[in-house]
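Order of writing sets the chain letters: A, B, C, D, E and F. Residues in each chain are counted from 1.
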């Protein structure tokens, strides 16, 4: 099975499931319509979902994905309380700046998830990605240091290991 | 009944964080800091509201639409924030006076 | 009554802009404002007391509803405005290509 | 820095992941137009938005490789012709232009309301393709490239 | 001076919250909706007076996410799932609008 | 059952043209000519079968307060005949005139859309539907004015589109007020309900509609867009715009609305007379000073519209007969004059009267037909323009509006003056013009000849035996104010 066909299969299955959820299956008409709609979506936009092979066992990847999700949610809670503290503080204790970190991830989707996580976690916001995909520029609301290696460890390090397990 | 109480609690928390995010949007000094506060808190807040709605409604189509909304917001809102921040920096909107360091600017100047 | 007067004021703002502004894009925006004022007026006309409308819901015929016809009309008129606006923008861009300006006082090859 | 085609990698990846969702949602809105608010127009706009999203993220060349713009034009014209054909069919069978000549079915089911779902689909094809083609055509104009020199 | 401004803001917010939750007479969901509308006022302040274009874009983007939450609660009030449809479409449109605005802010065209 | 086809056929033709025709083949021409010929045949057939009756067509099989209805009476079929007649000749003229532009199939598709819009405006009995069809016609008119791709054409189209949008929003506002008052959109229903409401609403709506449709029909204070738009468009489109578009969208709706729906209140009739006489005099003076042929013709259009409005404003049966007859005549001779200007422009490459001259030998068909049309528009006896103007003047005298009659006579004399200027400088004279290389094709010639013959033959419409089957039913529809309500609603 080629990569594109696998991607199409996934899109078909996902579309069908989402359709069933959206319509809260009442009768056969909805199911048949769901099959047709899923086929249509697959024809138009089927080949984009998966673009690279993943190694590693599927169960282990799902397990580490769940672990990643829990860690991410925890970090996000912390981020929100942090921002709430800053916002209601009368003197706005901020020390902003744009810093640079390095990443070892190579897959597109892994980098995307990493940058999105960085945006949603305490004090950091992805500004740009270097074209060689190994450096991320980050706006940090509370700059602790300007050293690249140290920042890599504090900002990206907590997600990178788990993401390597999930995506590569 | 307990389901509704839990759902209402989520909705309340969500609205609270919405409010903090918007407050940050108004109070913080420059566009990047505003993006920081607003994106995080409003995303979390709206996701909380949607989760509360999902808990109250259960597994019918309303609940699933709420779940779809959560997935969609988590996918898109950081990306929009990233795009806006990049565009703002490239179009030369300055950072606030309190800024400590700007390594992005340094690298761009080196490359040009 | 006050809402209708406000709508009319918005309409007058649009007409003022369309007749006095010199920039092509501002004229197009003024036309849009006029359209929105009229649309708003239509929507306000839809609120009437004591009327019943034949929209089926799961509980049978619902009588506590807004008159749906103006909304359908507004949808139509919005589509028309979209088309007209697209045409106007195209014409403005073409004029810019010919004259290198959006200022209408400099685009005066035709005399009154 | 050198400008690549389209926006950054992050935007591209998220567009890639979410475009099928947007398309599916548009189709859902279209097909349930007769039993819930929405319908052909709203759904058509959503489908046009999906295409627009891809155009924003990946740029013009990708769209040209992905779909055939002439084919989109043809879909638009033929859907308008189909709409009129449905109207004339209503005139021939049901006694009036656009008369609803198919049986109405059970209330609040997918296959109900006679010809209205068909008309919704036709309208959606017309609206989505028309809107996207309008944006596509208008985005050709590059003012300062063709203008000030 | 700064402390005084902070204190005045606190007073305004407290007055609003008191009026909303203790004086206004309605079901709890309506009170929550009022809070979100109050947030939307802040966002509109940013839209109107944002010093740079990026601020306005951020505000519009945030408004889109806020509206999703509002429509979810509105759906709970009326027990109708189509409000969620509107919310999702709104979020989608605000996302794409942010992308487009960001692209234009960066000084590029929509299609390259 | 004929009326819906008059809208469906051109719409279908427009979409089929965009679907199947390309740059090389002639499908666009074949399809559009077929469509217009069938439209003309259908409209003539329906005109002669209607007589004094009224037929109602209800869309999608519903009953009248709920649905959109199409109304077929003598007046609407009369207007349909005019529109489709001019459309056919204009299309014949276009085939070789438009050949040197690129993307001609777009031209034909837009042309078909414009016919759809005009037919729809004339056929419909629902006021919002009227607005929609009006926008369709105007949209394609804007695009067609800009079709040539020159700077002036874009400028004229922009001006036209701005003025058109302003008037459209005004009209939409009027429709909104009407709907809020009467809760219905069917015109006959509005006419039945409106007298029971506050009379001030009627005056407000009438004023708004007069401004809106006055802008569309370019009556004098609202005329600013017309000379630019009509002189910049390609010649067959100028003929369509000047010959039928301002009548179908402006005059027809004004008559339908103010006479059949509002019941012709006296204040508006007085306003019509004042506006009409201003248009006659001022536009004639402006036309006298023009040296651009098409601009002169455009100003002449405004002044002739003034004649029609004056006839409507007098309001007696004879005056309305004159106005209706003048609508028909003006459509024919003004289209003919625009074809003449188009062929001259095609041959010489200029529209300036000072650079023309002595075309009698070079272009015999053009100069002869232009002579006929000029005499007709100036109101000389054997031609049709004479009779309609004469009827309007006689009616003004009979209704003891002698002042207006004198204004009409002066306007007529001024018309004669500026058309003599056209003939003297444009087609006669002693200037040596080298023989033009571009030959006028058969299609263009035959279009001009058909209209020139009609200029003479249509004088016969005034002969009593023929008048009773052609013009009298139209006049009776306009004059019979409550009849419209009765016929449409069936009570």
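Everything that follows uses one rule, which is that a contact is a pair of C-beta atoms (placed from the backbone, for glycine too) under 8 Å apart; a residue touches a chain by one contact, two chains touch by 3 or more.
Bear in mind the structure is a predicted one, so any value in this text is a computation, not a measurement.
Take chain D out of the picture and the remaining chains divide, by touching, into A, B, E | C, F. Where touching is counted per the definition, the chains common to chain A and chain B are D, E.
The most distant chain from chain D, with centres taken as the mean of CA atoms, is F. The chain occupying the central position, as judged from C-alpha centroids, is C.
More C-beta pairs touch across one of C-D and A-D than the other; that pair is A-D. The chain with its Cα centre farthest from the Cα centre of chain E is F.
Annotation: 25 Å between the Cα-based centres of chain A and chain E. A separation of 41 Å divides the Cα centre of chain A from that of chain C. Rounded to whole angstrom units, the spacing between the C-alpha centres of chain D and chain F is 37.
Averaged Cα coordinates give chain E a centre that lies 52 Å from the centre of chain F. Shared interface positions of chain C, i.e. residues touching 2 or more other chains, are not present.
The set of chain D residues touching two or more other chains comprises 1, 7-8, 10-11, 14, 17, 21, 25.
Multi-chain contact residues of chain F (touching two or more other chains): none found. Taken as a contact graph, with one node per protein chain and an edge wherever two chains touch, the assembly fits none of the named shapes, being neither a line, a ring, a star nor a complete graph.
Pairs of chains that satisfy the touch definition comprise A-B, A-D, A-E, B-D, B-E, C-D, C-F, D-E, D-F. Touching chain A in their complex are the following residues of chain E: 2-3, 6-7.
Remark: chain F residues 128, 131-132, 135, 139, 142-143, 146, 151-152, 154-159, 161-162, 165-166, 168-169, 172-173, 176, 179-180, 183, 185, 224, 228, 232 touch chain C in the complex. Chain contact summary for the complex, chain A toward chain D: residues 11, 14-15, 18-19, 22-23, 26-27, 29-30, 33, 37-38, 40-42, 44-46, 48-49, 51, 108-109, 111-112, 115-116, 126, 128-129, 131, 133. Residues 90-91 of chain A are the ones touching chain E in the complex. Within the complex formed with chain D, the chain C residues making contact are 56, 58, 75, 79, 86, 89-90, 93, 96-97, 100.
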